[in-house]
Each structure stands twice: as C-alpha cells, then as structure tokens.
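Structures are listed in the sections that come next.
Below, chain A partners chain B and then partners chain C, in two separate complexes.
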Partner chain A sequence: MAEQAHASPKTKNNKIGAFLSSKKVVPYIFVLPFFLSFSILTLYPAINGIIMSFRQILPGVVENVGFENYARVFNLNFYDALWNTVIYVFWTTMLLTVVPMLLAIFLNSKTIKLKTIFRASLFVPALTSTIVGGMIFRLMFSESSSAIGNQLMSLIGLGPIEWRYSAITAMFLMVVLAFWRWTGVNLLYYLAALQNISESLYEQADIDGASAWDKLRLITIPHLKPITVFVSTITIINGFRMFEESFVYWEATSPGNIGLTIVGYIYQQGVGQNDLGFGAAIGVVLMIIIFIISTIYLGITGTFGKGNNK
Partner chain B sequence: MSKKKSLMILANVAFGIIALIALFPIIALIISSFQPSSVLMRQGLSFSIDFSQLSLDNYRFIFTEADNYWTWYTNSLIISSITIVTSVFFSCMVGYALAVYEFKGKNLFFVCVLLIMMIPFEILMLPLYELMATLRLTDTYIAVVLPLVVAPVAVFFFRQYALGLPLELMDAARIDGSNEYGIFFKIMFPLMGPSLAAMAILQGLAAWNNFLWPLLVLRSNDMFTLPIGLATLLTPYGNNYDVLIAGSVLTIIPIVILFILFQKYFVAGLTSGGVKG
Partner chain C sequence: MNRKTLLLLTTTAFFVSACANDGETGTSTDEVETIGSDAENAEEITLWTFAPQHIDLYGDAAERWNEEFPDRPIDLVAETYPFEQMHNNLLLAVQSGTGLPDIVDIELGQYPNFMEGIIQFEPMNEYVEPILDKVVDSRYELYSRDGNYYGIPTHVGATVMYYNTEIMDEAGVDIDEIVTWDDFVEAGKQVVENTDSTMWNVGTEDWLMDMWPMISQRDSDAIDENGEVILDNEANVETLQFLYDALYVDEIAELTPGGMNQSEEFYGYFLDEGSASILAPLWYMGRFVDNMPDLEGKIAIRPMPAWKEGGNRSAGMGGTGTVVTKAADNVELSKEFLAYAKMSEEANINLWTILGFDPPRFDTWESEEVRNPDNVYYEYFGDNIFDVLLDVRDEINTLNVTADTPNVINEYHTHVTFNVLRNRTETPKEALERSAKVVRSLQRD
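Moving on, here comes the complex of A and B:
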C-alpha cells in the first residue's frame, strides 16, 4: 500500500481505518487468530518436534544425536505399547461401528417407542470424563469378591478375578470403558445418517415386494457406508491416541506393560523420564503409523477420488 | 398380528435393558456416593448394598472440609469458561470468513484447518510442552487454554453453517453503509445463534473433561483441574474415597443438566461434522 505511506498525518488514521475495513483486508483479519494459532501452536511444534527427535535434551545441555533416538525407539517396551494399541484399536473399531449401527437401525424403525429417552440414556456416558468413567469401572472391577465384576463371575460359577493384573482382563477393562463412553456418540452419527436415506427408496422397495431383510441389505447398509467409514476412521485414530483409558487404571506404569499404549509410552519417557528427544521420536513414529494406516484404510474403503464422505 | 405385537414388546423391553445397562455405572456411582468410603474401599462398587448405612457424610465432608476439591472445581470452571468464549468466538470468526469471503489463500487456510483436525494433539504435545516451559507459562491457566483457543473442528463446523447464511443481507447492509465488522457482529453473528450454542456446549464439554494436556502443564495442586485432581485421589490406599466418589458425582451433574436442557444442540453439533457438508 505505497500510496498510504505518503498520506498526510491528518487523514492517516482515517485511511488506516478504511484500509482495515476494506473488503480485501477484512477476511485476513478474521482469519488472523487461526493463522497465529496454527503457526505458533501447530506448525512450530510440528517442526520443532521433528528437530527435537534428533536431539538429546537434558537440562542445560542439548546435543544432536542423529538417529540415535529412533534406533532406541524399537525396543521391547515400544513393541508392548504398539501391540496393546493395535489390539485396542481392533476391538474398539469392531465394537464401536457394528454395535451402534445395529442399535441405530433398530432405534430408527417404527417398532421402538420412547426413542428420545433411549438415545439420551445411551449418550449420557459420553458426558462423563474418562477419569470419572474409569474410576467407576475400576471400582466395579476391583479385586474384592463383592465388587460387581466378581459378583457377576460368581453368578456364572467362576471365582474372583484380579482384573487389573492380567493382560486379557486389562485389555477388556480398557475396551469396555471406551465402548461404554462412545457407543452413544456413534449411535447419533448413525441415526443422523439413517434419517438422510430417502423414504421413497423404501416405498419403492415395498411396491417391488421386498422383504425387511432385502431392504436392510440392499438399501440401508449400502447407504450407511460413508458414515461407517467416517466413524471407523475416527475410532481408529482415537484408538492410536489412547492414553487416559490406561492412565485411569494404572497411572504411568502397569504390571508387565499390560496397559502401556504408544501415547502412554511418550508420556512415560518424555515427561516421566524427562527424555524429551526420545519422547518426540516416539511421537514422530506414531505420526507415521497413523498416516500409513489411515491412508491404507481410506484407500481400501474407496474414499479417495469419490469425494463422497466430506 | 398378536405375534407382531409381542415381538414389538420384546424389542422395546430389550432396548429398555440396554438403556439401563448404559446408565447403570452412573446410577451405581450415585448410590455408592452415599455409602461410607471405608466400605467402598473394601468391596468396590457392589450389587449388595447395605441401605441402612447410606448417609450424606461424604457430601457433608466435601462441602465442609475438602478445600482442595473446590479449588479444582473453580479452576475447571474458569478454564472451561475462557475456553468456551475464546474458542467459539474465534472459530466462528474464522469459519465465517472462510465461508462468505473470496480471498487469496482461502483454500490454503481451509486445508490447514483440515490438516490440524487430522494431526493428533498427542504428537505435538512434547514440543508444545517445551514451548510453554520456555515461555514460563507452565502451571498457568493460559498454558491450558492456549491450544484450545481456535478449535479446528469448530472452524469446520462454523464454515459449513455459514455457507447457508443469507448473503443478500450482507449486500443490503453494505448499501446501508455498514462496514464488514458491523455486518459480522450486528447481523451474521446473531444469525449463527444455534450453531454457537452447539459449539459452546461441545467445546465446554471437551474443556471440562480435558486430561492429558493439563496433566502435562499443571504442576501444583491448587492449579489442578477436576479430572487431574480426581486422578490424584485414585490411590490404592483409599484414603480419599469420600471426596473421590462424591466429587465425581458433583462433576457429572452440571454436564448432565446442560445436556438435558440443550439436547438438540448437542445432536446438531456432533452430527454436523460427519454427515452434512
């Protein structure tokens, strides 16, 4: 804006005012908060994270160590964390797509009365924090034989279990917590998608004499594909980000790493051991894993190129 | 017909049971918050409850002696309020600009929004933590709130919503001599009311339940938010179970009330990202 630099001091304020509220500049001012937060709080940390991952950062001493952090990443603890995370992602993705889908299909049919109340009751768990929810499950599945989990076990004729101390039950506890908190949310996604399916498709099918099963198989399920891709992608990514569901049962360290997740490992090493460079390297590896898996997943489900999911 | 009717009843009963199972942990928590904490510590949450032992003791204790708890509560309220106001206001501004204006770099900005939505925060948290330490912001409200000030999900949501705003109103206002800020604050911002409510609730919920980031940057007990504070009470010794249990109930109640009052906004806010657009 060269001409403004020559403006006389008197009109300068006015000119700046006019400049700032001109239609060309206003959008940039509106976008400014995002630009600042993106540069300072996303772009800078992202770049810095990559730089940090090549460094050893100790109080007062920072030195470049090349790929040493990355060489250390692939150790037994990391494999434990990766294995737990993958298993957790598998179970949560299975349960949190199939169950909410089925519930939504039933709930959307004319058979079910009191829809709002059912929908709301299933959603209420999502309102609790993972910490509060996890604490409830921790108390329900405590070691005591009179806790709910063990009471149910004795009901089917089995003895009390130390839920938090063996690998299978530990995974069960984490998956159940996530399943309980997220089913209601995913149910809402499916209900919204079901309401978008045009009623006339079903009317046409009725005229053609289709059975309820045919309608489900040929109309409902295919129309739910985009939302299923959306829900499962989010669940997979959230699964790889999982931390709290483990922290609430075992804090930072679990017996035999049964509750260790990748983010938990980042926290343990980066914050607990104060080894920021190593923690950053695990973060970069996690980013690469998530990127590869979501690309493969979206490729398999045919989301690229069709532009039908967003 | 009667066979169909009995099937219908069966389906409704089944759904009733499912709803009860979903609500059961919360009901169990509320009931046991009236139990002596020593019993809870010894037997966990149990089906066998001695109803003669129920009392208000835990709540009496939390309201009279658990000063820490109320410090956390206040911190959570302050942090959530700041987050709601800043994130809804700024995200709305950004989303609005991306929807109604044509300007250079617009698509790049939008791609960046989508990009942040996809980069998990956990990957950025260590460098961010280092940044906060360098700026000497650790253990402050600012450190907790900063990463939430502009929420990419909310920007995306507001953009989708603003695409449906009546743009004729803007031209009419320009002819009347209103400038662009006037158009936004006096005309468009109020028109976005329902979407503002939806995002306020979702951002508030996220801030209220936020855990990992506050856990990193908050150091001292009197800066803790509720989830962090409650997590410190989860010791195997059970010496704090009175505050833990009654305190958990008291953190859920405001959210549940909010949910019951604004259910439709909750639904709108959640489903907009995935289904529309």
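Moving on, here comes the complex of A and C:
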C-alpha cells in the first residue's frame, strides 16, 4: 500500500499516484476541470466586466469614470429593453413549462404509438442554431402575402400582416422562435422526471377509484414540482439573457424598439457604438436583476430550505 | 428527484446550450488582392476596405505608382471585409493597438468612433493644406479634428433629385420649374392626379436620403458645431412635419418600400414606376446603373428643391474617409501613396471614371477626362451631371458628425420614423424631443 512506498526512490511515481488517488484528493481532481473552466471563462471575465463598467474605454485612453456609466443606463431606451425582456420572459416561462409538461405526460402514456418519433422530432429544433432557425422563421413571417404566415392568416380571413413592424406580432415572433427551439429540451427533462414517479402510486389511486384528472392533479403534477422549478428557473434566466431571437429578425435596431432586449442593448451600445464601459454597466445591471428575480422566485417556490430534508 | 439527476440535467443543459451557441461570424476576409511589384525591395502596404469596388481605384494607383517610381516600388495587399466586421475589427485593433493595417477605409457614420481617445491615425495636413482651395472643403472638414486632417474623402456625395422623365412628361410637369419644396409638392399633386405613380418616397430607415440632407440644406443639423444635440429644434420639427405632410396631408409620397431606397424591394418598385423621383446623393447613380438598368435614358438629374428661392440646393451625404494608421510600417510612404491614390488630379479623375463618384477636387470637374462622353453614367443620365454639381458647389454645408451621430441615426430609424411616419402615434415635435432626450442622456460628460 502507499504507506510503505516511501522506502525507495523508485517508488516516487507510485507515491504521487497514490496521493492523487487517495480519497481526500480525488474529489478535488474531479471537480478541478469545472473550476478551471469556470474561473477562466466565467469568473475572470465577470470580474473584469464589473471593473470595466466603471471605466471609459477609448483607444489609448482608459479612465475611471466612477458611476457615470450607471447614471446613463436608466434612459428611455433601457426601459423599452427591460419591458420587452420582462414580457418575453413571462410568455416563454408560461409556454415552456406548461406545454412541455403536458406533452411529456401524453408521450409517457402507454396508449400513444410512435412515441420515439414524436420525441425525436420535438427535440430536433434544439440541435439547430437560433440564427439558422430564425432565418427560416423570418422568411415564413415576411411581409409578402405569399409567405406562410400570411397565407395562414388569409385562411382565417385576415389580410397580410407586417409581422416585424408592430409590437404584438414582434413579441409573437420572438416567443414562437424560442418556444419552437426549447420545447424539446424541456420535454426531455419532464420525461426523465416522469420515470421517477412510482407506478405503485397510480395503482393505489386506481384502487381508490381516482379519475385520470385526479391522478394528474394529485400525483403527477406535485411530483413534477422540482423539475418544474428547475425548468422555469432556467427559462427565466435564459429569457433575460435573450439576444439571438431578436437579432435574427432585426439585428441591432428595430422599429420603435419593439425587438430591443437588454442584451441587444448591450450589443448595440457596447460594440456598435464603441462604448464598452457603458455596455458593461448595462450587463452588471442585468446581472443584478437576474440575481434578484431568481432569488425571489426560488424563495417563493421553497427551494432554499429543501436541501436538509433530502 | 435527487441531486444526481439534477446534476445530470444541468450538465446536459450546459452541453446543449454550448452546442447551440455556435457563432456565425468568422474572422476570415472575403478577399485578399495583391497588386504591385514583386521586386525584392518593394515595400508592402496593407489596406482594409469594406467596399470591394474601392480596390479598383487603389489597384490602379499602385500600378501607376510602380511605373512612375520604379526605384521605390510598392506591393499593395488589399483586404475586403464585410461592412460591420471590418469596422468592429478595426475598433478592436485600435483599442488593443495591434493588428492595424497601414491604410484603411472608414465609413462616415462609423468614423466618430475612431476620433475618441488618443487618435491612432496620422494627420495628412502636409498633403491636404496645399490643395484646400481646389476641393469641396466641407468634405475634408468632416474627417478632421482640432485642425488635423485625418481622413481623405472619396466623394462629395452631393445630394440631388433624380426624376423619372417619362412620368413627369405624362403628368405635364416641367422639372426645371421645380425650384422650391413648395413647387415640388405642387408638381407632386399633378403627378398623382395625372399618372398611376406617386411623386416621391419617404424612408423609415433612410436618414441620409431625406431628413438629414433636408435639414442640412436649411443650415440645421442634428448636432451643432459645439456638439450640442439640436435634433428637436424648430427647423427640424418643421422638416419632419413636411415629410409627414407629403405622406398624409398632400399625399404626394409613400413610405419607401423596404424602408430604404437601397433595397431590393425599392428597386423593383421604382422600375415599375411606383414613384417618380428619388432624393439621393450623386453616388446613388451606381445603384441605378447596377440595379435599375432598364431606366437608362429616362432619368434626369436636377438640384434639390430649396426651402426658399435662393436657398441651398444640395447637401453632402454619406462617405468614406481613408486614413493612414500610426502603426503603419512606413508611415511616410503610406501617406504619400494615399495622397497619390485619392488626392491627386489623376486620382480624382479616376474616382469618376472608375467608380462614378463626384470627386472632391472641383478643378477636375471640367477636365477633358471627366467630360469625356464615352462613359456609362453620361449614357444613362445625360451629360449635365457636372454642370449640376458646379451649380450647387457652394451650397453644401458641413455636417456635424460627433460621437453622438450614431445614436441620432439609431433614434431616427427606430423611434422617430416608426412613431411619426409609420404609426402616426406621435407628433414630429414629441418624437424629436423624446429622441433628443435619449441622445442627450447617453452623452458622456
């Protein structure tokens, strides 16, 4: 064993090997890659971003400007961006929790045939990039009356719509793109969670004479709660970080700011207008918003106290 | 659900999102062209541009240079990038101080971004000052800061009115009678009444095709010479009201299809005689020749209508300033070559004959080479192009372009046109005041 190895220099390698595989060290080695990539790719840029938000960065001149960038953040366009983002988060969170949950329950039921085909086809959109998928959506919802979107509208007797030029249809376009793309992923989470619900619960419910609705309401949905919290939390966070779904329709600027999101605003000001410090300040404000909202949300859903009970 | 499942789910989510975030921008150039001498002592000059046609001009200059100065040969390496990518790359190079080319083309709207901090470009004063009395100096002023001339302009960009003469004849309008904007509106009413076309188009994403030239010609601007935002001043509110009236009160105009007159939608519409006139700089001639060849011989060029008789009849719009960077391997040679390629008489003649631009040096406007009728633009538009230009030469105001300019353009395209011209939910005054407020609140101290 390792304890005897110190006797000879030949066994030095063994010693290191033994040290590395000792129970105290191994866990750290396993988590090391994560911490390395986290510190290099996330923590370091994040800290730098915070420092940058107090600076004005110009060619050859970097000066500290205190809170000046923050003083400029809260302007009318930022409020437009914030409002759009909040509405977008609301709709995506609603749709991307309820619909995948129901789909998962359907696809999990024994009566449905060709389940794997349904599952696969619902998951495929997640494998494309938003930009590529979005370009197709953009064509489908173009202004011309021959585009698919407007053809459908004419079926229900409505004239061609300029989808990208009004606030409501603009929001619809962004939400529908996110919905199309992420339903399959969330569906997988729910399918996995459904496998964890014990069959015996349903058998017992059958004996007690419960209806299908009762079983759904009293067994399935409560047991899915942890995964619902998880899915809705990542949807909220992803919603606040949304960028591509807007960029693909309007790039950096949209008429009347109907497609402007907070991250879009960072891009527009930070990169497009060469105001990196200001962009960083918007980013820090966004980080604070996400932090507060997720904390409140996890608090309401009771996620914090739970660790001890398990 | 236990923690392991949660961990598994989170890692899956991470991988899925990681796979999905494949960016769509590369750093590769569209094209690299090497023009010049393979002699061993040839100095290499690197050049970036976003407009591939500009390379024809520089390439021609490099060849002439090597013939004229065989003892100092140069080897020009010209790289073309897409518009946004080139400017973003250049910003990063300027910020970090590495990877800069020797010479680079910068678009006017992007130019202010490079005039902040310590300017990383070489002043061209020794070449500019001797010829200042032979050029439309407002175009040189655009790219200057504190008495230093950095960018060399590519054209005057004189804004003119292009009329479809067939429609005008059908409507019974004599375009030489259109002197003021009021005349223009009257003529427009005649066109609308007597033909199937409308008179004109107002763009929703076309700041420099209507609003900007029209406020510039009445001595206003979005930003004054002291850098104050005056987007919401009285002249500008009146001008926007004029655009609104053209659309909804006098009904002589429609919103530009595609939002701007440099769009496929618009080219098709104008070919179909959707409207009878286009307000645009002279460099828009290239768009006619390339995208609307069927209208050859049917388009006439006239000065812009003035706000009042005797008022300014043009404005200089758009542009590219070419600079030599401080990082250039051989600064003096690069400057000399840039002057040779864009500022000499020969170069200005080439700006016209090769690119169809109205060259900034007006001493070339009457030269034999420029007046040579064997030219695609004369064939298309008739031979009065430079007469119009000489006529309006002194009626072009300098634009005030500052770090706030990109924000102004952004506000005009996103807020003002959308709420005033498209949705009609705000008055010109309300919209311009709101936008001016946003631009002011974004200003740095």
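The criterion applied here is as follows: the second predicted complex is superposed on the first by the 266 of 310 C-alpha atoms of A that agree within 3 Å, B and C clash if a C-alpha of one lies under 4 Å from a C-alpha of the other, contacts with A are read in each partner's own complex, and residues count from 1 in each chain.
The rule is short, and it goes like this: a residue touches a chain if its C-beta (ideal position, glycine included) is under 8 Å from a C-beta of that chain, and two chains touch if they have at least 3 such contacts.
Since the structure is predicted, the reported quantities are computational estimates derived from the model, not experimental observations.
Of the two partners chain B and chain C, more chain A residues are in touch with B. In the overlay built on the shared chain, the residue A:146 is in contact with chain B alone; chain C does not reach it.
Contacts of A:165 after superposition on the shared chain: chain C is touched, whereas chain B is not. Using the contact criterion defined above for the overlaid structures, shared-chain residue A:274 touches chain C, although it does not reach chain B. Residue contacts after overlaying the shared chain place A:60 against chain C, while chain B stays out of touching range.
Touch criterion met: A:106 reaches chain B, while chain C stays clear of it.
Of the two partner chains, chain B and chain C are each touched by A:185.
Residues 57, 127-131, 185, 188-189, 192-193, 196, 227, 230, 271, 276, 310 of chain A are contacted both by chain B in one complex and by chain C in the other. By the touch rule above, chain C contacts chain A in their complex via residues 1-3, 5-6, 9, 12-13, 16, 19-22, 24, 88, 91, 94-95, 97, 113-114, 116-120, 204, 406-407, 410, 413-415, 417-419, 422-423, 434, 437-438, 441-445.
Across the complex, chain B meets chain A through its residues 7-8, 11-12, 15-16, 18-20, 22-23, 25-26, 28-29, 32, 40, 42-48, 90-91, 93-94, 96-98, 101, 103, 106, 109, 112-113, 116, 118-131, 146-147, 149-150, 155, 179-181, 184, 205, 208-209, 211-212, 216, 226-227, 230-231, 234, 244, 248, 251-252, 255-256, 259-260, 263, 266-267, 270-271, 274-275, 277.
By the touch criterion given at the top, residues 21, 23-24, 26-28, 30-31, 33-35, 37-38, 40-42, 44-46, 48-49, 52, 57, 103, 106-107, 111-114, 116-118, 120-125, 127-133, 135-144, 146-149, 151, 180, 183-185, 188-189, 192-193, 196, 227, 230-231, 237, 240-241, 243-244, 247-248, 251, 263, 266-267, 270-271, 276, 279-280, 283-284, 286-287, 290, 294, 310 of chain A touch chain B in their complex. Partner chain C is touched in their complex by these residues of chain A: 56-61, 65, 68, 72, 75-77, 126-131, 165, 185, 188-189, 192-193, 196, 226-227, 230, 234, 253-257, 260, 268-269, 271-274, 276, 278, 310.
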